[in-house]
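When the chains are written out, they are named A, B and C in that same order, and each has its own residue count from 1.
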């Protein structure tokens, strides 16, 4: 209630403090209900548990585990044993240490991608849907353009262009570039969904009411329209995390992803793709971790979707 | 309707121009296609300038683009430029790859769509049944696996199967190096044997990913229509359950899935990079990866133009289907 | 079984059939087990309906009105637990499978749904959907079914029915779509029509036309009609008997005149107090304080007791039964109905000062006729325009 239009001829102001108080308590209650519903979704809770364990493993495991990923020559191709639960790789590095590091990079990349895709997608989608007209046309055409460009060409530029590589740290640390690149090609679905939602939400009475009260355009978009799309945004952001882990792996497989000395689960798999029959643990351990990340995040997303929108379970009374 | 189609196609021409220009810029930014060649051994300045002359790379960027665009419109899609690989016409190579991709994806798309729709509909009608939980679990697992791992495991399994077949005195069945270049030969039975051996694994690979998408999508849209007011109206009229499900719920649930699958099929003409790479099919995906690796500008551009046209056309098809299936939508 | 079956205002149908009951609902209850607990959507509802009778079921949203009607149609989700008995022409409907119910739906009992905007299938023409309803119960050719569809559109007063039949629902206005819904309900000449909030989604002017159409059809076909509504205005004009529902059960029941003139349950008093009424000019509307009860954990005793101005301890501990009051044929589920009968002007029970910033504007104008009621329209527009231009 801070941006009411002109000071003249206002209708008697509604008791704003009371309204907002009521609002926030209602909001809090709604979040409690969502949380309760989420906690009842067994697969989602298990997924959440796995995800937390994976995050702890990736970010604290390195400090706790007896071997460091830089320690090599511990004996090559040792199968899993008490000393090396995941065995050792072709250089004699401990696979637990390597997996911790790979998981860490994969998670970092996935979270950055999800954040970027969500921010870009929501902003462009909301602008297109709310402003319509030429803004919508420009944004929609731009979305088409990004969809039409060959998906790997930007990756190729980023990985190969000597200038970009040198800017990104000279030493060849490129995981951040890969993350940013993936973020740049992952926002389109979110933008389309949000655009569609905003297009229909902007016609709703409460938007009209906010407009009539003189709320500014950014306020209408950010305080009135987007909160109504928050469920869609959160669910899509979650699913983007899962997508990004898999995309990064695919990119590493064709040689346009993360490059050594950085690593990722995808890179580990593709480095060990020829060990599949002889030293299967080298292939299947990073594979399992990718599946665990992606599966747990997908289940979290599914649980959130059900918690936000229990329509299909609810009964009209 | 006809005017709408024409207008939509005309609108996409500027998109193609901008996209091709951007694509040209990006290939340029990847690096100099002659860069590696120059470093292989000492080259004389004369040699170098001749090479640049031949490829047209001595001219400024903009001029090269305009030349390419002019040639492209008249049907000349350029040649490969990297020495050692130079002089191959882009159009012919691309066409060959396109045919390979087409043969691979058509069957897989149709099977994945049919299977996904069937499983999605049954899952929605019997929500929370054992079937639904199983289908959901499988779809989630498929969603969560990196495709190239699936492909690699399938390939390893295929080789094991071949070894086993050989050990019991049979022929090696699974072909993991793409379809034979000179086509299938021999008796009809033998041809069928070879054909299935070449197609089965890549097709499974492609179905895995598409099936998961289609079945989840179909289930969601079907649940929405099954719970709609108009299905309740139909039931209240006294029609059979089957009629309410298929004539009313399914007919409406078709609209989103048809739209999504046309968009998806349009995009799939760009090739299945991973499947093609793992199983040695020289389709569009492999074409692109090779073109990018070698820094072949005209090959990348040719690829982009072909795939972009398909994406645009299938976007249009999706809209037309939408209007066809939903009388509320008007195209004009 | 039910000790309080009402046979008030026995109207003889136009064709003289009396006494014979089409629909007999006894002790109906519907529970929905959900993740959050069991929802007791309907408890202990009983009523009967004869040919040509019109029964009004009144209550706010969530009072179990729509669920009872869906139970009669056999269209509740499989998770619903239904108790009691629903008899249609002496045939028990509770427990029938979808298939066994099929001949009854649309043919014996037809339903008109609340929202005409979403209740018609958008991808088929109106004629197709009407013909489908007819063909579901009659073995006729497509052409004959179409002719019947056109005929039924004409019956509900849609102009140019042959042309309109070939159009899609989105080409119809809201009122026209509701007419189509009525046509769909009457096309098979059903014995019972259940109209669930038939006018809620419509303009006031259209509402009256729709209700007239319904009554005309009742006169022509002698069908029994159940009108479910939260709008007492609808009920007052056209029904014979009224059932007031609250918290999933019937709290008061009787003829329209009885219920409107001599309420024996405080909830009905409050409900009637919240209708605008010309005699009330100068007074404020009196809403009922508080919110309807959660059907998941109903308050102990009478479910209205937390909001009731005359509740006593008994109301909060013992659930009252639906019993005949001091007036013949007038039933109420209230421990205090005898006390309520002694209060001369029960409306004032609900009078309180809670909401509203401006006192009743009507009162303001009557007190001071010189007060400007509206700004000059042009001035308002000018101001709005000025306010908008800097921001946009």
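The definition used in the following text is that a residue touches a chain if its C-beta (ideal position, glycine included) is under 8 Å from a C-beta of that chain, and two chains touch if they have at least 3 such contacts.
Since the structure is predicted, the reported quantities are computational estimates derived from the model, not experimental observations.
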| item | value |
| --- | --- |
| Chain closest to the middle [Cα centroid of all protein chains] | A |
| A-B or B-C, whichever has more C-beta pairs in contact | A-B |
| Whole-Å gap between the CA centroids of chain A and chain C | 48 |
| Distance from chain B to chain A - Cα centre to Cα centre, in angstrom | 25 |
| Separation of mean Cα positions, chain C and chain B [Å, integer] | 55 |
| Contacts with two or more other chains, residues of chain A listed in rising order | none |
| Complex interface listing, chain A residues touching chain B | 141, 144-145, 147-154, 156-157, 160-162, 242, 246, 249-250, 253-256, 266, 269-270, 273, 276-277, 283, 287, 290-291, 294-295, 298-299, 302, 311-312 |
| Contact set on chain B toward chain C in their complex | 228-241, 247-248, 251-252, 255, 325-328 |
| Chain A partner contacts - residues on chain B that touch it in the complex | 15-16, 18-19, 22-23, 26-27, 29-31, 127, 140-141, 143-149, 152-153, 156, 159, 223, 227, 267, 270, 273-274, 277, 288-289, 292-293, 295, 300, 303-304, 307-308, 311-312, 315 |
| Chain C residues within the chain B interface of the complex | 73, 75, 98-99, 102-107, 110-111, 113, 115, 118-123, 129, 132-133, 136-137, 168, 170, 181, 184, 188 |
